[in-house]
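Common to both upcoming complexes is subunit A, partnered first by subunit B, then by subunit C.
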Partner chain A sequence: MTDVRAPEADPFESAAEPDERGTPNRDPASGALGFTDWLVWGWRQLTSMRIALVLLFLLALGSVPGSMLPQEGTDPAGVQQYYTSHPALAPLLNHLGLFNVFAAPWFAAIYLLLFASLVGCVVPRTFRLVGSARTLPPRAPRYLTRLPLSAEYPAALDPARAAEVAATVLAGHGFRLRRPADDGEYWLSAEKGYLREVGNLLFHLALLGVLVSVALGGLFGYKADRLLVQGTTFADTQSALDEWYPGRLVTAADLGPFTMTLNQFDASYITSGEQRGQPSSFDAQVSYTTHPGGPALAGNIAVNRPLSVDGAKVYLIGHGYAPIFKVTDARGQVVYNQPTPFISGASGNFLSQGVVKVPDAQPEQLGFTGVFVPTAVEIGGVLQSAFPAADNPAVSLIAYAGNLGENSGVPQSVYQLNTAGMHQLTADPQLLLPGQSLKLPDGQGTLTFTGYVPWVSLTITHDPGQLPALICGIAALGGLLLSFMVRRRRVFVRARASGPAPAGTDGVPSGVHSTVQIGGLTRTDASGGFEAEFAVLAAELRSAHDQAAANRQPEGE
Partner chain B sequence: MPVNLALGHISNDFLIAALVLYSLSVVAFAGDFAFGRPRRAASTARGQQAQERAAALATVGAASAASDGPVSAGVGRPGSPAVGGAGAGSAAAPPDSMPEVALPPLRAIGQAGRWVQAGIALSAVGVVAHTTAVVTRGLAVHRAPWGNMYEFVTALTCVAAIFFLFVMIRYRAWALGVFVMGAVVVALGLAETLIYTAAGQLVPALQSYWLDIHVTAMTLACGIFFVAAVLGVVYLAKDRYTKRVAAGRAEPGNGIMRRLPSIEQIDRLTYRTVMFGFPVWTFGVIAGAIWADQAWGRYWGWDPVETWAFITWVVYAAFLHARATAGWRGRRAQYIQLLGFASLCFNILVVQVFITGLHSYAGVS
Partner chain C sequence: MIVLVATVCAGAALAVVLLTGWATGGNNGVTDVAGSTSAVLYSAGHRPLAPDFTGTTLTGARLKFSSYRGQVVVLNFWGSWCGPCRAEAPTLAVTAQQYRPDGVAFLGVDVRDTRASALAFARDFGVTYPSVSDPGSVITLDFTAVVPIAGTPTTLVIDRTGHIAGAVFGTATSQELTDILAQVTGKTAGAVTS
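Then we have the complex of A and B:
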């Protein structure tokens, strides 16, 4: 376990195999070392392949809790639940950052060390690659048959001509050639496959690029959520958004000032078979302006088909129903007439819950809690939804009167009714079909369920790191393919005079004949396959030599 | 469009046919172990040739040290006159040694023996039936036929069978047939009995051509990694046997072990297989990120399945690096590779089914 390179078997001595890194050869324990020596030793350790492997394992291992425990980023409700169910363990886990693994300092430490190790390996290798691209391949060894792969055959050509022919063949295969300066020897060094190292470097640098892109998105990107009822409009400003998660360097001023109106939303569902009730398509038709006062453009948003507006992307994330209620108070005045988004719960088929708050009602403020059922059926006296589409819509409400408590200073959810200051007006939930009204007792007013419209929840994201991440990802893949498919290899050819053949025998012309030796080697051809290429190349060289000899024959006679 | 039930039934029939054919091919490959003529598999022969070559080189080294003249040591076919080194340039016969160009696949199969030929033929017909089953399923449901767990395993094993057939013929690794095809039979059989799901449509989140690209790439990569995992197990078995023989704790000359390719051959084959699968997996992850971006508004969100795809990627990357690191080659590298496959299986079988996330589409209830 000392050095990764085989001592003398690898004549590719100039540099180690791309994926191989030298292991530290100086051990601080072996003698007194200064601070700098320790630093050098540490850096060598860090950039050694073994440490890189350990860091890779730590990265994999560190990701595991991120998938096993609920995470703040993806499932904040799950984290709350975990706190409730494991009150003793949860604070400890939180202290270790296990509820936010991928933003935890220790996780960052692993990947930053890994990338430091990568840089420490990649940068020197880049210099070596540039160096080897600028120097010619080494001289051909004297005895090529000692190389891992070799071939030897006679050629009816003089050595100079034989070398010439071999050069033509190898150049035709895109090999980089080196030929002797002096005339005494006839040999050829050919090298090919520099792209392997290029690919390897590209892959590792592109991974760095992915990391940078992700950081870019975290700093300059944002994400926002907005619930939009059909027929209404919103502007992309901070106050108009329901939720707003800016990146670290993003302010409200960075929001694109576009506006968007939901004209129509259609959802269709599978109506029969085992998958009855499963959604089959969603489509939101919107019109939007990219800047205030700009021309209105039409667009569609569907699942998997976001709309790009003004540098941001708008996604369709969810949908639901907003029943429309008209409320007249005791004075006979219409104090409420608008769609109210109800949120579907876990009970399925869009049985949705919501509240109606009527602060302007006189003499008392009015409030209603209830459910909206798109396809109402009664099973055992319980109102349920049989299908997610609004085939038989109904609402069931309980009415309250009193003080909504909206001026108490405590922020309220629009989906919850604070009944502390209110008294119930109706004993049982009152079922209403579209067009039906609920007359409140004591002449407190009337609520009419006039109809319903759908709503959609949109997510607006802006991520400047997205395109760089994609480009880096593709570059990494390209680099990977290059480094896997290209093999760095050298082929040497040596032609030696094998003495003049006797003239006239076997019709071979007189003249100097040669023995051609071919040797081949590849830099730790881990995946193999060079033998086959070498065999084909050797056969090709031999037939080229035979061909050249046959062409020379007329000259000789 | 509604599901074409008749076509769905045809698909099921073809799948059963494939399962039967694969089982028979396993029997045939096993028959080669039991009754086949003893032969030196081309790959093994090549390994032995390399050893002979090394021996020849050693003698040549000694010879060249003794005599000053140029030594031309032929290292071609065993038995060719050049082996062992012909004297100096003045020798009567000019040195002549050429490396062997590999036999074309069909001739190699021709020399492999009856049982192997039967095994290859049966698995080839099985692959045709299997592919037909996958394609008709796709036609029946009007989408790429890997939208739920059952379909995914069916397609994955199809890829594994096709890929292995290619590897077996390309590298003349007949002796591996019984293991890889056996594993395919087990996986397909389990899918058929445990997680069978009738042909059906997909929820809108799964209707995207990026889904097709993403899941296709993942299916391909899983099929390839499946083959690599079986090779890894064979490697460990042979390695263990070799070590035990060396330690005198096992009888040398085990018929099954002798027929297997050499440790180095299996190691290389595994490495090549992972090298083939890794870029496909990488592409699958990128395609998945693009899909995630279109469906959920972010390209990477550490969803459990994403996290495990990342873990799998990291572990396979560690395997590729370990193979080039002293002290990690061989056994340890194979363990890493199997760990990678384990995390892949964990992702498919546990994370997608039991851990809530955005990928909970397995369709297993």
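Then we have the complex of A and C:
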């Protein structure tokens, strides 16, 4: 159905998109305009749907460098590395704020403009909605048969009674009615479907809500990572977290004071068929306290099944193996005895790499680099892993002695060995099975591979914007659906006397018959269905009129 | 309409926050140690009470922190895996010896570590004072409630009443320790010449 113009001045019609109702003849380019006109024009542009969409697109576009370039907040080391590898480009990018996109002034500008655009769109819209809800529908047109949908039938009722019956029927359907002041005409205007604007408004408000929620998450949320070996405990405090990415208004004191112990981690894998080696289940059994000295609670964490503690969610995001090494130095002292997490790549059946640093071995510091394989096989003389479960675990290590470079006070990664100040003790990688030892040359000591335990990597997130964002998202969808499904529609009824009153005994115009005209129109009918609704209404009106006529006939005769 | 007004107000507040950043309040009662960026002194009346804890030392003895009440205690959070801790270890070992006659006790909290590595560290650096094992950072967590411990090393100086009088966040220098201890013990540390 094409856009239908109501025949009379109509607030409903003027409630069009700002784009449509803009003032085309007041474009600044067209002639002399004052400062205020420019301001009005600018505001109209900003709050137009077109600009809002452009801003939304820019917001998405602006986030792209945030995922392509290393960011200060999440990867300061990556930024440093970028500076060394691109010495000319990096300062320029830094100047543009591309290493901290979400804090960059231009990003904030887009965000705030979008916010202003939405507010500027929603506020006038609300007033228009309230206005249109308070304004009565227009008078019924004179000739209803000219409307897109119409019906006409005779009724054995006088026009006043016919209009009254029609009013009862339409009011029963939830229509808002307008009836003439006593001017000798009998007509009725009825309007329905105000929920359409409400839905539209809800959609815009919910979009604002999503923006606010995202900002809430960015300001008050945090994300942290921690690798936890089976049998060990960690506390949710900054110094015990491996990585911590606080929101702009978050301090270390905002971390929930929980502690968590990984009691056991089980992973099972499909053992046969094409899916062989694919994980079938993960289960981390933990015990935790929500505050220091609190009771120990038991919980389970699996992939996509986080545990909620202290308002934070603890996700299981990875796992691996930590071979246990015991190292004695040249003096026979045990200088190292602990599980050491080895890290696996994306593939390779948990072929994992790691390092062992023994800074307090005498006479020289010791270091080892190597791999752990859960199911060791040799393919072409190369150690590989045939299955992710630990069916035949083995390690292969190269030993070094010398200066680890730790004592200078510079923090080091526990997964990297700086061999610059070290010399290699063993020429080839030495393969060890559980219980086997590697004797270092010249009586420098012994390393024993005593076994292994699993580890899990946990991500702790707190996002106060998550729930509001979800609610707002659902509300936006609901609003959009409402505005698509609900039509603003009008039904008009007119009753005219259809003939001279037959000579009655007492002059009561009981025998007056009417011609009832019904007309219907809807402004937009994207979802269709008004035609059917109109047909039903028309039939109902007709039967109500017939019924009313039948009821009064006996007493009239 | 109320919802709308609330949303607009929230938006405006948000804009102000985003544009200006959060104004941080002054740190009442906390002063920097002269010439240091990472050491602070808490003035009397603003000293946070140190939480009590019990633990097992590296040599297997039970230790209750409250038994140190009445003594000035230097509490050092460290780990054998931590490079900056290795760098400051000789300073701490020497300072502990120097202040022993003044009745200043040194105590370590060995964080995210194992007994074998920690004992080897103590042997290596000649650390003679005890350390309590804190593999799960639980003691650290207790202290984080009163002082902002961001990692190891962190050194706290606790007065005779069990209140935290000074702190060094990061590698402690001999000068920083001396300055804080001079304030807390009320002596200008005759044992130290620097």
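Following the convention adopted for this analysis, the second predicted complex is superposed on the first by the 441 of 557 C-alpha atoms of A that agree within 3 Å, B and C clash if a C-alpha of one lies under 4 Å from a C-alpha of the other, contacts with A are read in each partner's own complex, and residues count from 1 in each chain.
Going forward, a residue touches a chain if its C-beta (ideal position, glycine included) is under 8 Å from a C-beta of that chain, and two chains touch if they have at least 3 such contacts.
Every value quoted in this text rests on a predicted model; they were computed, and no experiment measured them.
*Asks:* Which partner chains sit in contact with A:D236 here, subunit B, subunit C, both or neither? Use first/second/both/neither.
*Replies:* The answer is second: A:D236 touches subunit C but not subunit B.
*Asks:* Just subunit B (first), just subunit C (second), both, or neither: which does A:V123 touch?
*Replies:* second
*Asks:* Comparing subunit B against subunit C, which has contacts with more of the residues in subunit A?
*Replies:* B
*Asks:* If you stack the two complexes on chain A, which partner ends up touching A:L208: first (subunit B), second (subunit C), both, or neither?
*Replies:* It touches subunit C, and subunit B stays clear.
*Asks:* Is A:S408 touching the first partner subunit B, the second partner subunit C, both, or neither of them?
*Replies:* It touches subunit C, and subunit B stays clear.
*Asks:* Name the contact category of A:A108: first (subunit B only), second (subunit C only), both, or neither.
*Replies:* A:A108: touches subunit C, not subunit B.
*Asks:* Between subunit B (first) and subunit C (second), which does A:T419 come into contact with in this model arrangement: first, second, both, or neither?
*Replies:* Neither partner.
*Asks:* On the A-aligned overlay, A:P359 touches which partner chain: subunit B = first, subunit C = second, or both, or neither?
*Replies:* Only subunit C; A:P359 stays clear of subunit B.
*Asks:* In the overlaid three-chain picture, which partner chain does A:Q338 touch, first (subunit B) or second (subunit C), both, or neither?
*Replies:* second
*Asks:* Find the residues of subunit A that appear in the contact set with subunit B and again in the contact set with subunit C.
*Replies:* none
*Asks:* Which stretch or stretches of subunit A touch subunit B in the complex?
*Replies:* 1-4, 17, 19-21, 23, 49-50, 52-53, 56-57, 59-60, 63-64, 66-68, 71, 73-75, 101-102, 142-143, 145-146, 149-154, 214, 223, 270, 273-275, 278-282, 302-306, 313, 315, 317, 459, 461, 463, 466, 469-470, 473-474, 476-477, 480-481, 484, 496-499, 513, 515, 517, 524, 526-529, 531-532, 534-536, 538-539, 542
*Asks:* Across the complex, what residues on subunit A touch subunit C?
*Replies:* 108, 111-112, 115, 119, 122-123, 126, 205, 208-209, 211-212, 215, 219, 232-240, 248-249, 251-253, 255, 257, 259, 261, 292, 326, 329, 333-338, 357-362, 406-412, 414
*Asks:* Could you please specify the touching residues of subunit C with respect to subunit A in the complex?
*Replies:* By the definition above, subunit C touches subunit A via 1, 3-4, 7-8, 10-11, 14-15, 17-19, 21-22, 77, 80-84, 86-88, 111-112, 114-117, 120-121, 123-124, 135-138, 140-142, 144-145, 148-152, 154, 171.
*Asks:* In the complex of these two chains, what residues of subunit B are touching subunit A?
*Replies:* 3, 46, 57, 60-61, 64, 70-76, 82, 89-90, 94-102, 198, 200-201, 203-205, 207-208, 210-211, 268, 271-272, 275, 278-279, 282-283, 286, 289-291, 293-304, 307-308, 310-311, 314-315, 317-318, 320-328, 343, 351, 355-357
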